[in-house]
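Have a look at the structure below before the remarks.
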Amino acid sequence: MTVHRLATSVALLLAALAYFVPAVAGGSPVAYAACTTIAILAVMSYGADLILSYLGEVSLGHTIFWAAGGYAAALLSVNAGWSGLPTAAAAVVVAIVLAVALGLATLRTREFVFSLVTYAAAVVAMEIAFNWSFLGGSDGIVGIPPLTIAVGSWRLSASGNDQLWPIAWVVLMATLLFIHRFRHSRLGTSALMVQMNPDLATALGIDARKVRLGVFVASAPISALAGWLYAYQRAYVGPDMFETYFLVLMLTAIVIVGRRLLLGPLIGTALIIVQQTFFSIGGDGDKIVLGSVLAAILLLWPRGLVGLWTVLASRPRVHGR
Amino acid sequence: MTIDLEATGLSVRYGGNVAVDGVDLAVPTGRMVGMVGANGAGKSTLINALAGWSRGTPVVRGTVRLGGASMDGLSPHRRAAQGLVLVPEGKGIFSELTVMENLALVRPPADTTGRHLFSMEEIHELFPRLAERRHHKGGMLSGGERQMVAVSRALRAAPRVLLLDEPSAGLAPRLVYELLETMRKLVDRGLSLLLVEQNVRATLELVDELYLLERGKVVARGPAAAMKNDPRILEAYLGSLTA
Amino acid sequence: MNILQQLINGLVLGSGYALIAIGWTVLLGAARLVNFAHGQLYMLGAFVAWAVMTKLGVNYFLAVPIAVVALGLLGVGLQGLMLRPVMQQNLTSLMIVTLGFGYVFQGGAARLFGGDPERFVSPLQAAEIRIGEIWFTWQDVLTLVGTLLLFGALWLVLNRTRVGAVVRSVAEDPRLAQLFGINAALVYIGVFVFECAAVALGAGLVAPRSPILTSMGFDEVILTFVVVVLGGIGSVTGSLVAGFGLGLFTALFGALVSSAYTTAAAFFVLLAFLVLRPRGLAAR
């Protein structure tokens, strides 16, 4: 109990400290932009993380939910004048509907067929976004108003990155809390069991398909909320939200530190965005860096940097023997 | 008497679980050595380790020598190429390939010194049924026919030492004797053979030497005639005989 | 609207789909391996041939074989790097690793060849054949004949030779194959090299139809995935049939319904199919 209390206090303290990171990092617009972007993209990655870490499958379709969140925010705020909370709710609903449909369609697929079908779905979604004038076609939707959140008489309107940061922070913390809860939930533990030992899971009466669908549907709103915030940050959405960049970023962020770690995707995203913001070697060069990191990690230390750490840490003991 | 296959201090671990523990073993040229033991005693683990092969991820310690040459660190396909040929327990042939294709997968070596090359004619003589079944896929054969193909392909590889892990599993009693007698004939022609068997009585009839494995350790070994009267064998396997 | 013309377009398109898919089919079926850099390898195949033609002045008919060899060599290197997950049959890792490789190729090619669309021209593209109302080019004929020949040869090798039996044995049970004296790692390298070389050949024959871009990665070949799955994963004959079927479908759908949504329509067919028959056409 006291250990639990201590852990909770430490977590809360860390969360509070995280809030001040951009201010401590100089408080410049660049610092706020980087931190907000890290928070948004990390949340996007957490959606895919649920699938990769807990189902052991590679979803190549999470850009759909990410874009769905963005398009929901853009359409409803620009055309209907909705404020932030209703657009967020709409983003979540749209993502869940899409995830149920895609989840049912892919229910019987595994491994690369699952990956390719989810990818194919993303290609279809992009083609639709690109061609359908309702979604702005190839030009996308411009002129998204500042993010306003109204609760009762309290109102908040955020336009720049420094104003969006508190909201990004809240979304990130809520996501972390959700993932933490998920890891200890029935669904989370069942998912792990289905991944590690499907026969045992079946013997224990776990319905693998239900679990897969459940995790898939739970993961979609996370990426969608990230897309929702991204739309406000850029004041624009377009078919570029389907780009492979986001896909590769999600996967790299997840594997770089190590799968099934609560803070893994956040730290991974931070490393990538810091490289691309402060140590960029040009767009194409950054692609080479991101792709190489992804491949190298899995080939050299399949368990991520944490695995590398264990290797290094255990070395002296081996020599000592 | 020369030794064809020799293992010293062989130990095999699966994670923290020691399945074979410091076994010394020798298969002399032209002899048939049997190995018996209860389920889970480590027989398969041991014979697989001799071939450098496994479906799991075991950690193997100790040395294996084939005709004096060290096999340590060699991958299973290299050992097979040098004449250390294993027919594993259970699935031993490809079900998507025909009998002919299964047999044609192995290529007899160029250098056959010390090895026993079997022509297709000899194999069809040993197992006439295979000639009729040659265009059937492995998956369409009966259990006994599969074992025949598995043994035949091992013979096509021109073994120096043949390792057989329960070749009679699932066979009718009459076929068990038939198969083991066929094996005995091959040994009499000069082949060296290590045989893991459940059927202790049949094994004792045919082998020259017998090892008894218990919990990964060799607890008794000796000429078949002597082992017949070993109290541990009598008690555990031939109990009904003395009762 | 000339139906006969659309049927011919469909056959031409379909032979291209089947040709680009064949490497994938063999890789998936014969080795149970995946390569998500397939699209970028297609792009590299086209750009290597283009670069050899424009920078070295080599003729098209020599440039394509050069690209095939170059990509084959690249395949040796890639497979060497991936040997561990390959031998462990760790598909999840392989999918992500090859996705990473693809991204590296895309960035690297953009640095090397620039980001502009380039014209990769085959002399046969301009040589048209007209019979009454319908027309096609000699390049179309070459692609169709090349595809049929390659599929025929591949079928013979896989089903009628010892090499084919070795490949099939490794596909079924790589561990058991080792006991037959087969070096499974070598077989995997061979299959992977075939995939890289075959996609380069596909690029050499198909890419001249339109301008080439270094960013034309996965999306360019994702339709061939429909071929691989519909044909029944790993079935050579199945993918030939599925390739032509898809070609006819896209040609007719594009002409009769809407050209903008052709890809989407093809994937809807695929999704419907997966719900009904998750293991493809060739599934028993």
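For reference, chains read A, B and C in written order, and residue numbers begin at 1 within each chain.
The criterion applied here is as follows: a contact is a pair of C-beta atoms (placed from the backbone, for glycine too) under 8 Å apart; a residue touches a chain by one contact, two chains touch by 3 or more.
Computed from a prediction, not measured in an experiment: that's the story for all the values here.
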To get from chain A to chain B along touching chains, fewest steps? 2
Of the chains shown, whose Cα centre falls closest to the middle of all protein Cα atoms? C
Chain centres computed over CA atoms; the one at greatest distance from chain B is chain A
Could you compare the number of C-beta pairs in contact for A-C with that for B-C and name the larger? A-C
From the mean C-alpha coordinate of chain A to that of chain B, what's the distance rounded to whole Å? 54
Chain centre separation in whole Å, for chain C relative to chain A (CA means): 32
Length of the line joining the C-alpha centres of chain B and chain C, rounded to whole Å: 44
Which of the residues in chain C come into contact with chain A in the complex? 28, 34, 36, 81-82, 84-85, 90-93, 95-97, 99-108, 110-111, 115, 217-219, 222, 225-226, 229, 233, 260-261, 263-264, 267-268, 270-271, 274-275, 278
Which residues of chain A touch chain C in their complex? 52, 56-58, 105-106, 108-109, 111-113, 115-117, 119-121, 123-124, 127-128, 131, 244, 247-248, 251-252, 255, 283-288, 290-296, 298-299, 302
List of chain B residues in touch with chain C within their complex: 51, 53, 55, 75-77, 80-81, 85-88, 91-97, 101, 104-107, 153, 157
Complex contact set, residues of chain C against chain B: 162, 165-166, 168-169, 171-173, 175-184
